[in-house]
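Just below sit the structures, each encoded as structure tokens.
Shared chain: subunit A. Partners: subunit B in the first complex, subunit C in the second.
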Partner chain A sequence: MSNRTIPRLLQTPAVILLLIWMLVPLSLTLYFSFIRYVLNSLRRPEWTTPSFSNWRGFGNYEFVLNSKDFLFAIQNSLLIVGSILFGTVILGVLIAVLINKAFPGRGIVRVLLISPFFVMPAVNAVLWINMILDPVLGLQGIAVGGLNNMIDGLQNAPLVGWFFSLWPEFEPISFRATQTSAYAVIIMVTWQWTPFAVLIFMTSLQSEDEQQKEAAILDGASAWSQFRFLTLPHLGRPIAIVVMIQAIFHLSLYAEIEIVSRGNGNKNLPYLIGEFANNNIGAASATGIFAVILANIVAIFLLRMVGKTLME
Partner chain B sequence: MAIVAETSRFSKTGRPILAWIVGLIFFFPIFWLVLTSFKTDADAVKPEHLIFFTPTLENYLNMTENYDYWRFAQNSVITSVFATIFALVVGIPCAYAMAFNPTRATKDVLMWMLSTKMLPAAAVLYPMTFITKSVGLFDTHFMVIVVLCLINLPIVIWMLFTYFKEIPKDIIEAAQMDGVNTWGEVREILIPLAWGGIVSTALLCFIFCWNEAYWTVRLTTTEAATLSKLIEGNRAPEGLFFGRLSAVSAAAVGPIVVLGWFCQKQLVQGLTFGAVK
Partner chain C sequence: MGRIVLDTVTKSFGDAQVIPPLDLTIEDGEFAVFVGPSGCGKSTLLRLIAGLEDTTSGKIAIDGNDVTQVPPSKRGLAMVFQSYALYPHMSVRKNIAFPMRMAKMDQAEIDKKVEAAATSLNLLDYLDKKPGQLSGGQRQRVAIGRAIVREPAAFLFDEPLSNLDAALRVGMRMEILELHKKLNTTMIYVTHDQVEAMTMADKIVVLRAGNIEQVGSPLELYRNPRNLFVAGFIGSPTMNLITGAAAGSHGAETIGVRPEHISVSATEGTWSGTVGVSEHLGSDTFFHVHGTGLADTITVRADGEVDFKYGETIHLTPRSDVIHRFDAQGLRLG
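The block that comes next holds the complex of A and B.
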């Protein structure tokens, strides 16, 4: 065998497996998105088996685009992803800069900080929505109750009592409700992914040009201008990568949304697909194609960036 | 660095204190989960037992009875271990060929592999259910292993590739001169030299498999259900079972969080595909 044959043979299994994994389900999705296909129909039993004779053209796409859940799911996806990105990047940069210098116990602080990232999503959601955010039994409920009791007590205090009697009774927030469930997801995912941002920014900060920094300090540059003109530009690329990787992961959030409110008032595209897939496979598939398009927009930018460093 | 002495007072005392506070805040939910797991279900929801309570192991001792924990844990171990092994078996030869015999197409193949990772899982949800059900593999260990292996294969190949690239080519060429065959190269040179990289790739792949929460939930019902499915199925106890739910959750994440402490560095490489150094 020639020099080229063996390397090619070694790559073949991986390439074929991934090719099947990518092409077969996706072709089926594409096919289902153009036919009428439902799981249960008493009126039209012929729609319950996939067949080209049930061709619907772009009908499923029209149906999806016209359903009010679709627009909501897109908006809500963007709200969730956008808020998480905003939170994790800001917190990530601040924390990375904070722990970039040596201090006693830095190793332990790093371990504490990174831990949330390894918690499985289902546990993350169960932990936050029950033990922490529950309006009655969680820490939030207990804290708000305690605060109210304290204010009640202080109202009878001499001298300052009148001041505390002006205070309102605080209401705990129910994070399972329609309007707030998205915020619960944002909070828990931000908690989980900030460590990821910190870790990446820290790795990047370690390659920062120390000499440049020393020169800046000798020139009398303030801490802020060092951060603004040296550190932040240095972090530009890692920030872009963190944003794109997270966007891809968070566009397909599922477990957290399911656990917090079963999608009540808080759907994203994957969740909407899951709901359609309970019966209307055609619509679920059309929504899936939209999700692929959305993810591709992000992926193209990310791949370009990664590709540049690949062969260095 | 010694030239520039730290002068500001913040750097000396403020920074460590603030850093510790931030670290403790981030760790607090996990600490709280573990703390609650030692409370009885009744104590867990009583404000007066928030911090002071009589610790009990009953939640951990009754995990089998309450949740059938060990069956789900066994499924998680089996599926994650085998998915990792398969990913390595397929990934090592592939990354080896790409690192030591790169062609013009290598870069494109790597990028394409990565792009499969970016396909939203939900888009192929029904086809996957349809396929697995029609070949009778729905809710089987085999199917979960295959899916976990495939979703992590791009990251595995990518990480192995970056490790293998660091090995000097001369060593391999010298071996080829001596007439060592390909299998010999892999066994005698590649695996010993890249052992550290292979182990960290395996650990990271194992963590990702363990925490996976879409396919393991959607493609299983009981037989092959993993810990993600178990926790997801007991999502809303409405305060009744905080103690026992905390115990089973802590048991589900504990080993992985500890394992994660050991592969922080590899995590950066694995998740950014080598784009952040």
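The block that comes next holds the complex of A and C.
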């Protein structure tokens, strides 16, 4: 036996376990995506059990590609992921820089800032859509109502009344509507994941070299220049990590979409899979394969980006 | 131009006063070294001059202008840090150009100055590398380059050589001295290493607990230490401090004799003792002598050829004209 055999032999169980873990679901998905397989059919009961005799070729893929929601779901997946990444990174950097300064009660503020991350996604969605974004009962409705009342009052005021009587009455936005439900999801997930970004950026800021900053101060760098030329490059790597981890998570958003509008006007690929899986497992599996492809494309882009920052 | 005057400057952190009222003048073109044990306030003093710390009271003037309330970047000083503090994401070229870029100088002008600084510091081959790819000595030179291009009124060095190995340190010491001769700009240099202080300084400022113990040229400090602290701090190996009857016979509470001012003999001498460990440097040998009844250990410097074995009896004779005498308060007598 060569001296490599034993290590390989010892690794085998772990490798096999991983292969089974990955390959079995993937192969089953592939298999289902090429056959007719439905959960319930009175007309064609033979389709309710998976079998090679129900072979459909690329029929499921064709069906998915031609379904009216598919392109919309892909666009929407990218819109949601992209917007959340944009929001969390910018807010995360700003908040991390803000609380990196020493101030009384910093410990408590930090704990409070992290807490949204501990809320379950479904609870988060229920809280936001009912208690904050609801146009009647939520904070939004109350705030808009209050604003309208205030303007109403000011319209009778002397001197400035004419100015306020020019103002229109504000309408609260319904975030369950077709056009706005995606924004509701973006807002609530951004709120929930900003703490994650803050946490990562904050630890990174603490490792920033103070002497570099002092050198920059002596070199005449303004606060903005210090941020632009020292802090931001220093945060390059953590930003790449935050973007990558979040992209992986948010491509598979489901609970928020379900709770906000049940997919009305706002579907992503996982949600589409869920809809197909109500009955048509074949189509759901084909969509799943598309989702794998999309995730890989996104991953390649992100790995490139992360790789680039790591190389520097 | 860079005449720096500190007028009753104090600094407190909360209730702790680290710099009691302090007056100091550093003349234009002078190489001044702040030296003292760790925690003596020498770095704080440098940071006060740089403006990185605010003075609690007192005034700092550069060339007659009161700069106490002036922000660091407007004081016209350049600082070289212990950790070099290079900007890790920028190439050497951009590091050196950074202060000029912040001053919104013309790009052509910037390029010219970077080239000039890189040439004089032997950095031309490294201009496009990142600091992480350079050795300690090269990083130090980049930090100096970044300071030079600003054409400051004075350079401030904060223990710049303590991260370098011994051989490189000697080399960089000479480079900094040559730079000083060439530019003729005021330099303030902070170190805890009295050898660096002795070899580099025009003027040494010995600090202890924020107080200036003595100011003077290296040889003044060596010949006439004002008190026991300076006597013990300047000179290597340190001065032998002797109390008791031997000191009384010179009319002092404590007398100090430098190891190099004691002659040794196998047969006769003023004092005698047994040889402990000895350090052979080739040119010199240091003997640590015990059992003299004067102090725990008396260190003696002898010629490298002189040989005494461990445990042998040795006789010592101090040179009477260079015995330092101190009173009960530790101050120099006569």
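Rule of thumb we're sticking to: the second predicted complex is superposed on the first by the 276 of 312 C-alpha atoms of A that agree within 3 Å, B and C clash if a C-alpha of one lies under 4 Å from a C-alpha of the other, contacts with A are read in each partner's own complex, and residues count from 1 in each chain.
What we mean here is this: a contact is a pair of C-beta atoms (placed from the backbone, for glycine too) under 8 Å apart; a residue touches a chain by one contact, two chains touch by 3 or more.
Just so it is clear, the structure is predicted and the values come from calculations on it, not from any experiment.
When the two complexes are overlaid on their common chain A, residue A:61 makes contact with neither subunit B nor subunit C. By the document's definition of touching, both partners, subunit B and subunit C, reach A:217. Applying the stated contact rule after C-alpha superposition, one finds that A:225 touches subunit C and leaves subunit B untouched. In the superposed model, A:209 lies in contact with subunit C only, and not with subunit B.
More residues of subunit A lie in contact with B than with the other chain of the pair subunit B and subunit C. Looking at the shared chain after the overlay, A:70 reaches neither subunit B nor subunit C.
When both complexes are overlaid on chain A, the residue A:175 reaches neither subunit B nor subunit C. Once the two complexes are laid over each other on the shared chain, residue contacts for A:295 go to subunit B alone; subunit C is not touched.
In the superposition on chain A, A:193 contacts neither subunit B nor subunit C. In the superposition on chain A, the residues of subunit A touched by subunit B in one structure and by subunit C in the other are 214, 217-218. Note for the complex: subunit A touches subunit B at residues 3-4, 6-8, 10-11, 13-15, 17-18, 21-22, 24-26, 28-29, 32, 95, 98-99, 101, 103-106, 108-123, 125-132, 134, 136-137, 139, 142, 145-146, 191, 194-196, 199-200, 203-204, 207, 210, 214, 217-218, 223, 237-238, 241, 245, 248, 251-252, 254-255, 258-259, 269-271, 273-274, 277, 281, 284-285, 288-289, 291-292, 294-296, 298-299, 302-303, 305-307, 309-311. Those residues of subunit B lying in contact with subunit A across their complex are 1, 3-4, 6, 8, 11, 15-16, 18-20, 22-24, 26-27, 29-30, 32-33, 36, 45, 47, 50, 90-91, 93-94, 96-98, 100-103, 107, 109-111, 113-116, 118-131, 150, 153-154, 157, 182, 207, 210-211, 213-214, 217-218, 227-229, 231-232, 234-237, 239, 242, 245-246, 249, 252-253, 256-257, 259-261, 264-265, 267-268, 271-277.
Every residue of subunit C that touches subunit A in the complex is listed here, in rising order: 50-52, 72-73, 77-79, 81-83, 85-90, 98-99, 102-103, 146, 150.
Touching subunit C in their complex are the following residues of subunit A: 209, 211-212, 214-222, 225, 229-230, 233-234, 236, 312.
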